[in-house]
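Structures incoming, each one as structure tokens.
Look for chain A in each of the two complexes below; its partner is chain B in the first and chain C in the second.
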Partner chain A sequence: GLRRCLISMDIHHIEEAFQEIKKTIQAKDPFQNVTILSTSETLHRIKPLDVCCMTKNLLAFYVDKVFKDHQELNPQILRKISSIANSFLYMQKALRQCQEQRQCHCRDEATNATRIIHSNYDQLEARSAAIKSLGELDVFLAWIDRNHQGTSA
Partner chain B sequence: VAILPAPQNLSVQSTNMKHLLMWSPVIVPGEIIYYFVEYQGEYESLYMSHIWIPSSWCSPTEGPECDITDDVTATVPYNLRVRATVGAQTSAWSTLQHPFNRNSTVLTPPVMEVTKDGFHLVIKLEDLGPQFEFLVAYWRREPGAKEHVKVVKSRGIPVHLGTMEPGAAYCVKVRTFVKAIGRHSPFSQAECVKVQGETLPLTL
Partner chain C sequence: LCISGGLPQPTNITFLSINMRNILQWSPPEGLQGAEVTYTVQYFIYGQKKWLNKSECRNINRTCCDLSLETSDYEHQYYAKVKAIWERNCSKWAETGRFYPFLETQIGPPRVALTTDEKSISIVLTAPEKWKRNPEDSSISMQQIYSNLKYNVSIYNTKSNRTWSQYVTNHTLVLSWLEPDTLYCVRVESFVPGPPRLAQPSDKQCVHTLKDQASALKVKI
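Showing the complex of A and B:
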């Protein structure tokens, strides 16, 4: 898990960036009673051994899917989303170094949890799914924070 | 109608995680030139290359420089571009030749103030912002003295390092560490203070 793959994740400024746009983003979510990340406490059941793989999968989920499907016109919000997206890109690179040392193994638990999240996403129209996932960034960031106790700023 | 020339000689000067984009001014006699700065992080250039984001402070700006510190918020390469406008005229974009990454910032030895408060060795460090930690090394100035190290995260407020012995001299040096880029500055020059009175064994 991530304990063996400790990476320097400066989560604090990402949380700050998200807090500044959270209300606006969540207000745009047309399906308030539906969730993508927190269905049946998906993330909370992830064991330390699977944290690295799950972090890698969720970073990819946001970088390759969510940020792409979301089109933002407001410059203030665009700047914050850009800050988060580029920080996730940096975190992916850091995790990739870890992977090269073969400490980021993916077991079925992480793979299945990731599949649930993608399936939840695909049940919605792409833009709605993207805005909802952006609104749930605090769920992911809190989970990263909890699982990176040793390294956050 | 003369075409408005694009700004030239773009460069970034970055010191202690403050990043300043600069360029040569465009001159049109009798006119005020406004500049617009935009940026693209690696994410945008990889996945959304058509997306350029207006700089937080320089869309527009009058001077031939722009503080992009609040825009460059991740340790990835950033593309930067500038164009000039006067009235309805707009120049072409000029783009920074090489993407800028904040991990290239110049880290300078921090400014410190070493003082005595009675027998207490106290240090005050400049406030360089939330991304900076300070590694403070201090020792008693005598052969073979042990070097003590303290990591200081608080900024701009006095920090107690230790209790000194009468008649002894103590020295301090400090450097910064920026976790976001995983680099530290060189050490500052050592500064020493001496406590009045007789010399006794060290009790630090």
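Showing the complex of A and C:
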């Protein structure tokens, strides 16, 4: 799993950054009956062996899709989201090294779970999907925290 | 049926959550002192389809409702809402933000057992238990849910008036090189790294280190 891959990444400063904007972001999400990460069908079924691949896929999902589709006018929120995005870029770089050492193999389980998340996203209009995904960052960060203890401070 | 919006909404609607015991609480609507207002509660599981009733919290007088059972899957996220009713009028619903028990529940203090000798105090900590519906249900330790659970132990020397604290990850701690024949008081707080949570310290517990046997012997001779 990622335990060997994620170079001592301190998730807590990302969690703190998100905590400050969480209520505002989640309040902008009008669709309570839809989730993107749909935790029980995706993240909670991921086995340790698939943690690295799933983390890589979800970081790419946020960096390449969510942060791009999200449009934000509030400078304070924009600053926090940028700091979270930069942390994700750092983690992607760390994972790339693992890939080169062939320690981030993707099996069907992780690929299917990623497909569900992208499908959930694509069923909503891009901006709504982006705001909803941002509102679920606490779920993703909690999942990273639990699956990479021992590598994060 | 009631005329919706005829009353002001309840205010300050939040979840008070300790060890996954999740109580919805709110303040009465303003300006209705003395009126016999009742309340009705509903809750919603994020990602599901509809609001659900809580039958024990329909037309109640109190301003709280225990939703521990309905929100016991701490991996899910929830909303709750409450409306005020008085005679034939009722308020619009007042709604919580998204509630995520796994990240928001307060971790209660551990059980603390102290034993002492002349110059040391041994502290044994037992993690708090997750809320359970019936006392005879099997217990789940909060340690099982949060494997990175830590403790912040504060120690106060009543003679020197000095306090110090240290973080502990395992369940036993021996404080050495203490002063004999001195009253020490201990308080412990549970702590999980991650988003900030409210914390509840344990009750203060005090213990006396024993008299120094060596000096006691000298006095005898």
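Just so we're on the same page, the second predicted complex is superposed on the first by the 148 of 153 C-alpha atoms of A that agree within 3 Å, B and C clash if a C-alpha of one lies under 4 Å from a C-alpha of the other, contacts with A are read in each partner's own complex, and residues count from 1 in each chain.
What we mean here is this: a contact is a pair of C-beta atoms (placed from the backbone, for glycine too) under 8 Å apart; a residue touches a chain by one contact, two chains touch by 3 or more.
Just so it is clear, the model here is predicted, and its values are computed rather than measured.
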Combined model on chain A where chain B meets chain C, clash or fit: fit
First, second, both or neither for A:44, with chain B first and chain C second: second
First (chain B), second (chain C), both or neither touched by A:122: neither
Touching partner for A:27 - first (chain B), second (chain C), both, neither: second
First, second, both or neither for A:87, with chain B first and chain C second: first
After the two structures are overlaid on chain A, angle v-u-w for chain B, chain A, chain C in degrees (C-alpha centres, nearest 10): 80
More chain A residues in contact [chain B versus chain C]: C
Shortest CA-CA distance in Å separating chain B from chain C in the superposed model: 8
Shared chain A contacts, counted only where both chain B and chain C touch the same residue: 153
Chain A contact footprint on chain B (complex, rising order): 41-44, 46-48, 51, 53-54, 56, 59, 71, 73-76, 78, 179-180, 182
Touch list for chain A against partner chain B, complex: 8, 10, 13, 17, 63-64, 67-68, 75, 78-79, 82-83, 85-90, 153
In the complex, chain A residues that touch chain C: 11-12, 15-16, 18-19, 23, 26-27, 32-35, 38-40, 44, 135, 138-139, 142, 145-146, 149, 153
Chain A-touching residues of chain C, taken from the complex the two chains share: 44, 46-50, 75-77, 79, 97-98, 100, 102-103, 147-148, 193-196
